[in-house]
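This is the structure I have questions about; it appears just below.
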């Protein structure tokens, strides 16, 4: 299955007084793209939670390559960079949707937890079908 | 009891590309000041929730009188504008902490709900002590 | 010209610990829908700024009718509620895109200002074509 | 000169539906602490900009060690992890202000740019006094 990039417009309220998109917003965009990725692979975040699993964030990193401004459109390509039964790394590559210019690369590191109590759990045991979906999407980190 | 204004600094990430604090942030500042107000009257938001009560927001309004910029300090004066057993209006008056210049006036309208299920409830019956505290702070809306 | 509602998904980072979309976000959604409205009427915000005009926010108000949650889709209908050469009121009506259930109504009040210096200006004189576009969209406030 | 930790309360609007502070907020807290750091060393961000220098963000990373909740107070210790004439790395260590429990470690990487045009510049040449202040604060990254 080929994942389509998640496309979204930049918003005025995301700008700062330097006239560019404030750098903290990209962490939120990663999350938007991650949720869209789950929808695309056919196992929505809502369904994962219904089945009792949540994705705790262990860490994020973000490299800013060029600036984004208001009324631009960005494309965010999501991949699975690493996967174990207990953890996964999600990778992101943000480009300008019109020109393809590279804007940001980054990753987020997650562990699987029970929705109730947020205790670590093996996804491979808890929801094997979702683990297999992630495994099929695993590829080297981009960027 | 006299309520002290809630004082806070403006943040860089709150600016927008017009070089001023983005107008949506004031709704958040109202909330910060409301939480501080509850602390000052001796009945913290956390305690209200522990006793099973939450404050649903029915409406909010905000009048922008002059612009606020990064690295300014604002003072937010909170009052209770109206109170019934089921509802209350909270008023806000934001001034520049250094000069006293008026920045924003506004209000938020709330109903009292059970923390579990968010169903409306009479605060007067549920937590009479907190109702009395609010009643003692009631005063005409400012601004 | 008929304006289409602006449709967008709710985001996880917009939720709060009550499990609903935090009320301050709707002010941002109003802005998203306002920018989309300008695109639809063929006079983008960017173009207005290029022609030297900006829209200062004088006030906002918002009535919360029912709660919105993560992974819902909302439709935001924008209209011009009032218009003078110097000012306008924009109205918003947010519904659940799937069910049509009313979520939020609100408005924002603006004055027209020069992008340089943010001084008030008559839109009717500064950009008559845009003033006529707004006039054609004027209708009674919804909600 | 010894830098005091920057102390701030968590806000309700920073929570998410997992009942914890949403992870994207820490990037904003880093910025708050960075601005406070500049104030403490006697060379405010505003003054740097007045002298024509800005701090572009090249990258940011964040490790989440334990969860933060509403109505907690955090202490953020800031340091300079690396410094060259053109670039610097700022380190952050966030603890619970009451218990000292470690919450988050992270860093942001910056280059110095002219406020006008955002072009890279040598801070050592542009504002030698500020470069010396940073050099005096350089220490190994924490965490």
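Labels for the chains are A, B, C and D, by order of writing; each one numbers its residues from 1.
Quick note on the criterion: a contact is a pair of C-beta atoms (placed from the backbone, for glycine too) under 8 Å apart; a residue touches a chain by one contact, two chains touch by 3 or more.
Given the structure is predicted, the values throughout are model-derived calculations rather than measurements.
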For the copies subunit A and subunit D, the interface residues, called same if over half of the numbers are used by both and different if under half, are same
If chain centres are mean C-alpha positions, then the most distant from subunit D is chain C
So, in whole Å, the Cα centroid of subunit A is separated from that of subunit D by 24
Dist(centroid_CA(subunit C), centroid_CA(subunit D)) in Å evaluates to 35
Where subunit A touches two or more other chains at once, the residues are 12-13, 18, 24, 28, 31, 70
Contacts from subunit D onto subunit A in the complex sit at residues 18, 23-24, 27-28, 31, 54, 56-64, 67, 118
Seen from subunit A, its contact residues with subunit B in the complex are 12-13, 15-20, 22, 24, 70
In the complex, subunit C touches subunit A at residues 11-13, 28, 31-32, 35, 44-46, 70-71
